[in-house]
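A, B, C, D and E are the chain letters, set down in written order, and residue numbers restart from 1 in every chain.
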Amino acid sequence: GGEQEGDDQEATAQQAESEETEEEGDREDWPDEIRFADTGVEGMEELQRQFEPFQEELEETIGMDIEFFAVTDRTIGSTAMEYDQVDVLLAGPSEYAQIKSVVPDTELLAGIERDEYHAAFIAHEDSDIGTLADVEGHSIAMKDPGSTSGHVGPSEMLIDEGIDVDEDVDIQLLDDARFDAFLNRDVEVLATGIKDYHEMVEEHEDEGFRIIAEGETLPNDVFVASPELPDDLIENMRESILENDEALLDSILVTGENDKYVEGTFTEASDEDYDSMRNAYEELGLDLSEE
Amino acid sequence: MPKRFKLPSPATIIITIGGLILFILGLGSMEISADRFFSGIVNMFHFIIGAFPPDLERFQTALVAMYETFQIALVGTVFGVFLSLPIALLASRNTTPHPVIGYVAKGFISLLRTVPDLIWALIFVISVGLGPFPGMLTIMMDTIGFCGRFFSERIEEMEKGPIEAVQSTGSNQTGVIFGSILPLGVPSFVGTSLFAVEKAIRGAVVLGLVGAGGIGVELSVAMTMRQFDEALMMILLILVVVIIVEQCSTYIRKKFIANA
Amino acid sequence: MPKRFKLPSPATIIITIGGLILFILGLGSMEISADRFFSGIVNMFHFIIGAFPPDLERFQTALVAMYETFQIALVGTVFGVFLSLPIALLASRNTTPHPVIGYVAKGFISLLRTVPDLIWALIFVISVGLGPFPGMLTIMMDTIGFCGRFFSERIEEMEKGPIEAVQSTGSNQTGVIFGSILPLGVPSFVGTSLFAVEKAIRGAVVLGLVGAGGIGVELSVAMTMRQFDEALMMILLILVVVIIVEQCSTYIRKKFIANA
Amino acid sequence: MFSVTMSEVTKVYPNGTEALKALDLNIGPGEHVVILGHNGSGKSTLFRCMTDFENITGGYLEIGGKVPASFKKRKERSTFRRNIGLVFQHYHLTHNLSVLQNVLFGALGRQPFRKVCAPIASSTLRLEAMNALERVGMESVAGNGADELSGGQKQRVAIARMIMQRPRMIMADEPIASLDPKAGKEIMDLLVSICRENQLTFISILHQMDIALEYGERIIGLNQGEVLIDKGVPHIQRSELQKLYMSPKEQKAKWNEGLVEYGV
Amino acid sequence: MFSVTMSEVTKVYPNGTEALKALDLNIGPGEHVVILGHNGSGKSTLFRCMTDFENITGGYLEIGGKVPASFKKRKERSTFRRNIGLVFQHYHLTHNLSVLQNVLFGALGRQPFRKVCAPIASSTLRLEAMNALERVGMESVAGNGADELSGGQKQRVAIARMIMQRPRMIMADEPIASLDPKAGKEIMDLLVSICRENQLTFISILHQMDIALEYGERIIGLNQGEVLIDKGVPHIQRSELQKLYMSPKEQKAKWNEGLVEYGV
């Protein structure tokens, strides 16, 4: 909806005129700068604190000033967009599902597809838990509530297996303590992203772990645009991001720690890809569409 | 002639000017605008009103979680308070056996406070496993960091007269502590301790980290899932408990405040 | 004949017994075992030693983040403290214009304290957008909740004599407040306020919530990525700042403590 | 000029102590009255009730046309207190402020706080404060902290603060208990001369009988919360005064006799 | 029996006040000495230095064979203090405890805390405390809170606490300033008789010259931190004592004269 900006058209037009030096016309309803928030997508924590290269690259790509905010809570991200305090979000699948439910007109810009992004259930090698079905009656360490690969994803897998997540298993949302609790054998099973598994194996070479189940590849992380932005700006951003995908990806990788994206690519994103996520929320009994 | 109107000491000047500069710089970086604030206030009310009425569906679950949290918080703070007292006595300038011990104790208290809950939780999960026990230990550490500091501050502020009076009887240090420092400090100690209980309840998210559940986890799940009406219910529940604890505090303190 | 040795009042009995029962029940549910504790102590040391030596690679980044955090924390607490004082005066039994106002003010302070940081962050993000400003406002709310309570507790505890002396001059309430309550309370107010600054720095994760960055985000990222040596570096950095703030507090308080 | 009217005034403290028992008392405008009485006879309590720092638990009390028990607003109470210069038995200085600042606060009843704040107070007011300090012989410690004084010095500063208040009636609770004999006389002279000059009513509580007889015009003797003696100084014999301090048993025995002998 | 030796003792407070100036003083075992002096002459400071609550800033001070300045351990200091019964000018009761409890605390120097804790104290000790209270006439308020007393009652309780200490020397700072005349005499009688019975050295600070001459055997007159008079009571004339209280100017003028006249 660009309609509501019609009132201040005159003022913005003047402003745009003075700035308009290199770009094409028809931008009078574009904001001065884009407010961009990264909601702390799992595995991209490093971007939270070293975002300058990415920010600069994005500014170049889109050709606008960008105000970058690293936000560490997913609820804040979606609420900020709901109340038009942010224009573009980099969100994980779980967050996207939330945002879409509170801001139905929100637009997808592009997805980042990353290598090996799925949930896994892990047990100690010497335990007698071999399949997902064996998990019943045991305790499972997961990440924080709402985490895609560490809560929503694995929960869906359990539900698909016919396990009642409230009754049949003891799910503990332990966040960072999940590894230690698992290593300590306070919990028998750890459900988390597959990358975490690899890291854990690396760190504790001498201990044996067994993957008892792996989930389907999870949907991509996405750039989401606020419906308050003019349509042509959204379209423009969508195009330029996909055009400059390699440079953008490099700017994320340059920080050195985001190896999760090493094999990643930028792709087009569509809303249907996230139906599985919504489905999972629903199965978890969390109503996403109430607002 | 009035001697007190002398120039402040260099340290004072440095602290004052340094603080001021930092404050002004900070203020400048803040992009404060009343405009921004007021234009958003409608949104804010929209949000807050959106959470009404509180969702009572999961009230019972919340109540049970609250009860669990309260128990653990109580046990953790009780232990914490009992450990804080001797540490605070070691740390306070006017009761420490030796200045060096005082500095060490103060530093220790600061350290306990500085280490984040998450790390305490990790440490205790590693050492004693999951459950209420590590949660209690974490709360205990928090409490020592908090009460240790405030107890010691109160002890240093105490009027010297009654303490000297007990000292003048030739009492040993135990007598001085129990005979004057504790009685004089009781109102404040009670207030601080009950605040610590309350703080432990409010900060009970840490219990989630060690798998002990409780109201903190419930609340944070409700928030993450954007069930603000449910969150509101829990906040109100916590508020009720907080106010009850505060009333107890007022009641007990009243009994000890001179002439109250 | 000694009148003070009368039976405690029913309220006292109820509070005492209730508290005791809850404590014992809590203790029982805790599965405490010294065994568990000691067997884990080795693990614990292993973990702690694993974090040594602190990783200094990102020290500069951390320093900058610390500085940003400090600025925002300072501004937030300064505003908070200035708002806390009048609210505390309204809330305290011995300075409130009317008991009802006192209860309302106390309830308000409790409410500010009970609403979690996350919700304040949400509310302020909704009204003023992302950045340091909402972070500052959140810290301000936290500070009012904390200082309001402790200021008011201190005011209620104050010796009545000097206050009555100023009242007896026929001073209006402003005179009483500035002429006796504030001067008498200064050491404690300074201590509490500087503790609030410190608390804001330590709790600076809230700045991450609203996209204002700072040391809190750095630390929590380091923790999530299990870079404990880096986390240790930051904790030590925070500890240094905490101790500096504490030293300032001690220094300022000393100037005001009678006969110190 | 303030007068005092009391009828059947009683004060029972929350712990059950009956400090004042149905006191009837009238003090005329401009009178100089000294209250004597044994320790715990209710003298300080009487002062605290008169200045509304304690509520009376019965009877009627009027001072300068005002009835403290009827005050509804803070403002009424402070206007009332502004006119009464009260010296507390325990001085009650604000200990972490300077002596000068403490004295300047005496003017709080007629000046707003910012005017009496030492660093910015007008030179007129500062002069007045220094003058008050000079009258009690404390000008040389004006800049000291109030906690850096000896007991007697504190008491003098408290009196200077009261003088600064420019009261219309003076009530002094053992104003010279901690003073040396010479200072004690000087301060009494000072208080009496201030009251003479400004035609103030003056009520003081004393334990020194000589001083009481020398400076008072009328003596009120309290005993166990009741008035035992109430007479003009010329008509008083020292032996009568001794009765005030009898032990509880002796008091009990002499009680009715006392009532008969001295009336109320 | 304790004796006191001081030579060249000085005390300069951190704010620069010279409270004691090169004091030379000897008090023999069993003497009853009264210290007189104007307000701020350094009497309380002297007591505080003698009991090691203030450090002397120069000179040598010895009491009962101990040198407070040389104490290394807490234990030495507390043993030393245990023997000296000190009554503070401002009483210093622990205000939110009962009167009885405050008095019981007097025994802390010879009993561990748990033995003197009111609810569990042995009946022997409680009896002793009640006895001490009776001697100062305060047995009837034993159960009251220490903050529920009148000024004079507090002072008496403080004295009872000191008696409870069973000291080997008594130092009382204006012990009867807030007491009524009869109580004042009774308390002085009490203190003197305790000292006589137990052959204690007794030093008191007083402002009442009559009492000083009545109860003291020797008078020490302080003025501006120096000893101006030091004589046995029989040889003292009242007029000499008056000089102690002269105004600073007069003091200055008479200073050398005083030195010559009364020696040190």
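Things to note:
In the analysis below, a residue touches a chain if its C-beta (ideal position, glycine included) is under 8 Å from a C-beta of that chain, and two chains touch if they have at least 3 such contacts.
This structure is a prediction, so every number in the text was calculated from the model and none was measured.
Common neighbours of chain A and chain C (chains touching each): B. Relative to chain E, the chain whose mean Cα position lies farthest away is A.
The pair of chains sharing the greatest count of C-beta contacts is B-C.
Relative to chain D, the chain whose mean Cα position lies farthest away is A.
Note: centroid distance chain B to chain C, computed from Cα atoms, is 6 Å.
Between the Cα centres of chain B and chain D there is a gap of 45 Å. Once the centre of each chain is set as its mean CA position, chain A and chain E turn out to be 78 Å apart. Averaged C-alpha coordinates give centres for chain A and chain B that are 35 Å from one another. The set of chain A residues that touch two or more partner chains comprises 75, 79, 83, 85, 176, 184. Those residues of chain E in touch with two or more other chains are numbered 15, 90, 140, 144-145. Within chain B, residues 3, 40, 43, 47, 118, 122, 126, 129, 131, 187, 220, 223, 257-259 each touch two or more of the remaining chains.
Remark: chain E residues 13, 15, 17, 36-40, 43-45, 89-90, 137, 140, 144-145, 148-153, 156, 174, 177-184, 207-209, 242, 244-247 touch chain D in the complex. The touching residues of chain A, counted against chain B in their complex, run 74-75, 78-79, 83, 85, 98, 102, 141, 144-146, 172-177, 180-181, 184, 186-187, 286, 291. Contact residues on chain D toward chain C in their complex (touch as defined above): 15-16, 51, 53, 74-75, 78-84, 86, 88, 90-97, 105-110, 112-113, 116-117, 145, 147, 158, 161, 164-165. If you check the complex, the residues on chain C that touch chain B are 11-12, 15, 19, 22-23, 25-27, 29-32, 36-37, 40-41, 43-44, 47-48, 68, 70-72, 74-75, 78, 93, 106-107, 110-111, 113-116, 118-119, 122-123, 126-129, 131-133, 136, 149-150, 153-154, 156-157, 159-160, 187-188, 191, 195, 198, 202, 219-220, 223, 231, 235, 238-239, 242-243, 246, 248, 251-253, 255, 257-260. Residues 35, 37, 45-46, 48-49, 67, 69-73, 75-76, 79-80, 83, 85-86, 176, 179, 184, 199, 203, 257 of chain A are the ones touching chain C in the complex.
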